[in-house]
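Working notes for the structure below.
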Amino acid sequence: MIPSLPRPAIQRFGLGTFVACFFVFLFVPLLVVAVFAFNNADYPTPPWMGFTLDWFTANSDARTGLLADGELLQSMGVSAWVALWVTLLSVGVGTCNAFLLERFEFPGKNAIALLAMLPLVIPGVILGISILAFASRIANFADETWGLELDFLRPGLPLVILGQFCYIVTIATLTISASLRRFDRTLEEAAYNLGASRLAVLWTITLPYLRPSMIGAAAMAFLMSFENFNTTLMLVGSDSPLTVLMYSRMREGATPVLNAISLFLMVASALLALMLLWRKPQAQ
Amino acid sequence: MSDATAYRRWMLGLLLAPALLWLVGLVILPHVELLLLLSLQARVGPGEYAASLDQYRTFVDEPLYWNTFVRTAVISVLATGLTLLLAFPAAWYIAKVARGRLKMVLLVLCLLPFWVSEMVRTLGWLILLRETGVVSSLLQALGLASQPVELLYHDATILVGLVYASLLFMVIPLVNSLESLDDSLIEAAYDLGGSTANIVRRIVIPHAAPGIAAGSIVVFMLCLGNYLTPTLLGGKNSLWFTEQIYTQFITRFNWNQGAAFGFLLLFLSSLLVWAGLKLTGQRFGAVMKT
Amino acid sequence: MPTPAAGSPATAPDLDIRSVRKRYGAFAAVDDLSFQVRRGSFFSILGPSGCGKTTLLRMVAGFIAPDDGDIVIKGASMRGVAPNRRPVNMVFQHLALFPMMSVGENIAYGLERRGVKGASAKAKVIDMLQRVGLPGSEGKRIDQLSGGQKQRVAIARSLVLEPALLLLDEPLGALDLKLREHMKVELKQLQAEVGTTFVYITHDQSEALVMSDQVAVMNHGRFEQLGTPQQLYYQPQTAFVAGFVGNNNRFEGTIESRNGEQVLLRTASGLGLWSQRVGAVDVGQTAVLFIRPEAIEIGRSPRELPAGEPAWSASVQSVLFDGGNSTVLVLEDKSQTPLHIALPLTGRLADLKSGETVHFGYQPSQAWCFPA
Amino acid sequence: MPTPAAGSPATAPDLDIRSVRKRYGAFAAVDDLSFQVRRGSFFSILGPSGCGKTTLLRMVAGFIAPDDGDIVIKGASMRGVAPNRRPVNMVFQHLALFPMMSVGENIAYGLERRGVKGASAKAKVIDMLQRVGLPGSEGKRIDQLSGGQKQRVAIARSLVLEPALLLLDEPLGALDLKLREHMKVELKQLQAEVGTTFVYITHDQSEALVMSDQVAVMNHGRFEQLGTPQQLYYQPQTAFVAGFVGNNNRFEGTIESRNGEQVLLRTASGLGLWSQRVGAVDVGQTAVLFIRPEAIEIGRSPRELPAGEPAWSASVQSVLFDGGNSTVLVLEDKSQTPLHIALPLTGRLADLKSGETVHFGYQPSQAWCFPA
Amino acid sequence: QEKTLRLLTWGGYAPKDVIEQFTKETGFKVEVTTSNNEEMISKLRATAGAGFDLAQPSQDRIAGPQTEFKIYKPLDLSKIKADLFIPSMLDATKKNTTVGGKVYGLPHIWGTDGLVVNTKTSKATDYADLCAAENAGKVSMRLKRPTLIAMAFASGKDPFALYGDAKAYSALMDDMGKKLTECKKNVKFYWDGKDQLLAGIRSGELTTAMMWDTGGWELNKANPDVKFVAPKSGALGWVDTFAIPAKGKNDAAAYAWINFNMRPEIAAKVASSAGNFTASKGADQMMDPVLKKQFADSFPEAALKNIKWYPAVPAGIEDIEGRVLDRVKAAQ
């Protein structure tokens, strides 16, 4: 139980052990992936053939390491680019939605609130197909009736961004709404009373208050976009994001460079998180 | 006054626009077209379709699809329960026992695995669990097994994979709802003679119920909609409903059937969630607000 | 400090409420109220929870539009004027300090909105902090302040804008007892110094009495009485005011006889009490009678009481010792009616014990009788 | 109600704290405390925030293990006894009622844990609710109760287990003023009725004085004084107690002369005041002197003061009118020292105005001087 | 004025140096989207043939989808340098991809499906051996239509001959389904991604699998014991094609790419990148000698003759197969 209650040693030890096992469970698969990034073999699986850094640095005909694998690096860039847009859109629209759902009463509000949850329960593949089919229908319609070529509605990054945005914005909405609900509205009234215009109130009081949750939602959105596969697969054009590239590589026979890039992402994100973490307590 | 009302109207319009664009343009129209219209048609000839209920009839008539759906739902429910069992103590530790920086570190640790794609995480499990894999070798080395053990391609493996992929989505809402539980409630219950088990049952679980429900819904939906984990870890007997949908859409080019399955999945899973909420006496609105 | 509105004579009221009314459905939260607040005065509105105080104050601040009537501040009607354009500022019940800003930024917030920036804003902030007794705290974060300090920052944040009116909505409600006692005195001094008109709402009679020049006692959306603290305390006009302001013994009964402006009330338990009548109370009517604990003289023997007053004997039920505020609960011997009686400040009767017999009496002119 | 522990004589204390000590790092939260609480008494621990009250109480309840010393309840040492096995129950500061259960379930919770179920548990719950004045509320939800009702449910939940000791951690802290006044009296009556030993902690001196049989004043982890409310109020033993219990005027200065047990203190501003000395105070030492506002006599002319006492003249700075608790702040004419003086209960001087000249005096036996 | 060619193709079919050379020669940039047959068709179907300028589905998967979804446009054969193709292959592909008298596909890369066998631990020579008791638990196959067809050939039937007769075909497939269901206990897993299978064979967990030739040869490089075996009842031959999507916008670039790709030296490069053979005439002289040797090992003269080329899949066939496959999967 909680630390203030005296608990038998077994219980304390038991919980500690469980939590330790929990994190082992969480990290063992990743650890294995990371270890095989250094395997001196052409495939990312056992047996262990000895240590090598080839999968990071090599640039020969036989082996292409992470640093020399232009396609891989580019796809990482594509993923980041997509994730950036999805994040911006999701947080922006999510914030609007939060205000809409928390601050306004209008007919049909409940229906909208319920509909907003829907994308969470639609399997990603279906989401991808239906958006692709719908976008194509519009694009073909525009093409046939006005001779207008709406390129962004064809398989490609804009469509990937829209598809991911479609369900990630739900999560952003939930996160930001929760924080807005806890917001003490008298702060706004106080600012208004001190002579601030409505815009100034929003800009100087409400948004700064929401900032932590918006950052949280952004991190979540970025992460979910970065790792999305199901929806993306149906919508990609020629620029493939990392997950799609990895999928096709695995289908054709993967090399440990995939492990290498996974390790790289893990380490980079861990460092980023730790940096944020260590800065925060000092700021307070 | 009328100024303020006009201003609110204007704001409402401004905020409603992106929401409606999103909901109508990306959620309602595409899915109405795909799930409803398509699923109510059947192919009558090359490129020709007519209204029909055949797709749904197929689902009812063919036990295979039924079985697949039931199996998917059962395993998803199991995975959800298992995830809850695993995540609860961990969330408890993070919310109530760990303090200060340790707490933040543990939370971040929970998040880290999700930076690598699901495929890579599954690859990790494949390396670990295959017949010639790490765990099998370890078991042999320890003398616990006399010959290689195949740990992959069982339903249990699917469960492990699903639970693994879902943990984060359970831990976060649980931590949130446990954190809001006042320690003094637990102390008071203890002071009144409550045992640990009783306090968990009477105080902690009722308090965390909305969080538990929220986490369970999300995890259940994620499991139900998962595609990679069951297909890669599941082996020859694995049947997964999303796989069926994928197959209908992609390899059979039978969009009508796929759409019907998609709609059924959506409908039946919503029904299950609704039933679950009813059974535990929760309300969807309250749950989504945690 | 207040900037006089053009054209209004110096004697004009700062705030003039004219037949203001606000309904929520059929329920009248504020019911046809009219009153004026003199320039530079400390005006309190005292009333129980839910009587409409906050609603009234928020109408003055502009957050709620009245259904009817007009609010005139410094001679200018506020109809259709947005809250951020009114020459009033408000101190909120839970202060509503901006947690994401430092103390200095909080205070400078309103100035910046007016376009006062840089050095001149800074000078004003520093000066204001000096005046509320927090020099040098402009860099502190809000959560580094104690309750009383937060209080002062909230007031400083409003005062720095030199409003015509400062509205305060139970600003001491969240503080603990000792601090509240202290802040009461401090607030009053601050108001005297800056000279700004304060409109203060509270449900704590002690706050209202100690600080105010004028107090309005509010109930069910209307004012029961408006006057100086002394008037409310010594000349309550309604039973509600008598019961709400200060401690009181309350007796119900029927008027038995009348002698000029004094009436004799007989309680159901048989106790007969003389008092001043207020309003149309007459023989045969039911009425309520109030005597303050400290208006009752008490002694161990009848001789300790002033001669010529009626006197009763009673037995001590319990002594509620609280230093200078100690009271004793007695049961009048014949009727077994319970009464609270204040013990003398000198500590003379501090050693009373349960069961002891005491004698008490009071001057009928210090008791009031109202129609029931 | 308490179930007497086997073999302990009826006169044994219910709670016996023996040299208990608790440190957090180098900081002693509770520092070598020993005291006893008599069976059936209402014992309060009064002290400022952070003095270690909660730590002490939680050691008694068993949530914190003392570093040193022993806690004996009803003759049995509590060393190594888990909180859920101790014959004590606690009422938490924020009550800690279980929001997921009804009022009845809250009260029955402890009974069920003891195996008392069904009809007999129900009967006890109904009886207990009756006793705390909430008959028929067992079906209500917690959030349907008012603050005072919650209070009573929290106490009922503990009392129904008939503990040897009931521990209360500032249970009135969260209530508003009027309700607090009311609950104070009610709690005292309840304790007298049920006869359970109460150990009550608070930082509000008025609560401690009104309710308790015995009060311990705590500071920095130690008891400054332990005694009846009257003893604390009229015979403080330390400067801290004098300043903390009741209102007081405080003066610092040097002892100029001594006459038996009385000493003359001269403040820096030049005011000379005679008082009773407490502890080792002597000529030439610096000291602090306390006089209660109500121990000072005040009048418009020197003749209104009792003869034979030293008297001073002063000008009125401000009148803090608060009905029966009104005080006046005056500046002594020669030294300009500020003093608070209570106004007579009779309302005699209620019409004092700022700037008026008044005269005051006091009996040196009612003032105390402590070493600085 | 269009400057880019949007190519929807298989992994390995458009190596970087080939694209660079093409851009240098023609000025067209190339955007590559890699995919497989099924996803290609699904995507083109969703966009009604828009979004890409050139696609490369297998020859048997053109006629059916085309009649059904109209996702390709007819080829203008006058823009093709026909003499760059192996004539027999060109003719066969043309015949297979003709719908309504118009040709929709041209051959590009071809290969076969057969058996990959670890000759140390397995003696499999035909599809039927996948279900032999001695290989129990060490066998893998795809749960896709080629497996059904292979089993049919192994049991001496010619499924392709029954393409026109839905009823008979359906009966045959039901039989094959039963066979596969019985065989299920032998199977370790039904493979889906190539990686999965390669790992299984490499680790020795699998001894025999049904797979296409490139995988076998790739494994052979690392472990000479592992060989690609053309089954006795005949390897299944597939041909990947060039087809132009119905709403392709840059036909000029598409034809340029086709003609460029069929040049022997280019075709050889692509073929070795893909690990397969090409329909370009004369390219085989320039092929990687290792691959050539492996090919010769796997395909003696008789085996080469015995390759069963997939004919165009008529609509409706896949529904029949799908139902059977579902049942196999569901069987316990």
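Here the chain labels run A, B, C, D and E in written order, and each chain numbers its own residues starting at 1.
Following the convention adopted for this analysis, a contact is a pair of C-beta atoms (placed from the backbone, for glycine too) under 8 Å apart; a residue touches a chain by one contact, two chains touch by 3 or more.
Keep in mind the model is a prediction, meaning the values are calculated, not measured.
Chemist: Which neighbours does chain A have in common with chain D?
Modeler: Joint contacts, listed by label: B, C.
Chemist: Can you give the shortest number of steps from chain D to chain E, where adjacent chains in the path must touch?
Modeler: The least step count works out to 2.
Chemist: Could you put a whole-Å number on the gap between the CA centroids of chain A and chain E?
Modeler: The answer is 36 Å.
Chemist: Determine the centre-to-centre distance between chain C and chain D, using the mean Cα coordinates as centres, and give it in whole Å.
Modeler: Using C-alpha averages as centres, the distance is 27 Å.
Chemist: What's the distance between the Cα centroids of chain C and chain E, rounded to whole Å?
Modeler: Centres of chain C and chain E (C-alpha means) sit 91 Å apart.
Chemist: Indicate the whole-number Å distance between the mean C-alpha point of chain B and the mean C-alpha point of chain D.
Modeler: 56
Chemist: Could you list the positions in chain A whose residues touch two or more of the other chains?
Modeler: Those would be 4-5, 45-47, 129, 133, 250.
Chemist: Residues of chain D that contact two or more other chains, please.
Modeler: Where chain D meets two or more other chains at a single residue, that happens at 63, 83.
Chemist: Can you list the chain E residues in contact with two or more other chains?
Modeler: Counting only residues that touch two or more other chains, chain E contributes 39, 42, 193, 199, 203.
Chemist: Which of the residues in chain B come into contact with chain D in the complex?
Modeler: Against chain D, chain B makes touches at 182, 184-185, 187-195, 198, 202-203, 206-207.
Chemist: Inside the complex, what are the residues of chain D that reach chain B?
Modeler: Against chain B, the touching part of chain D is residues 61, 63, 83-84, 89-90, 92-94, 96-101, 109-110, 113-114, 157-158, 161.
Chemist: Touching residues of chain E toward chain A in the complex: what are they?
Modeler: Where chain E meets chain A, its residues are 6-7, 11-12, 31-34, 36, 39, 42-43, 46-48, 50-52, 193-195, 198-199, 202-203, 215, 218, 222, 247, 249.
Chemist: Inside the complex, what are the residues of chain A that reach chain B?
Modeler: Interface residues on the chain A side: 1-5, 7, 11, 15, 18-19, 22-23, 25-33, 36, 44-47, 92-93, 96-97, 99-100, 104, 106, 112-113, 115-126, 129-131, 133-134, 137, 162-163, 165-166, 169, 174, 177-178, 181, 198, 223, 226-227, 229-230, 242-243, 246-247, 250, 258-259, 262, 265-266, 268-270, 273-274, 277, 280-281.
Chemist: Could you please specify the touching residues of chain A with respect to chain C in the complex?
Modeler: 184, 186-187, 189-197, 200, 204-205, 208-209
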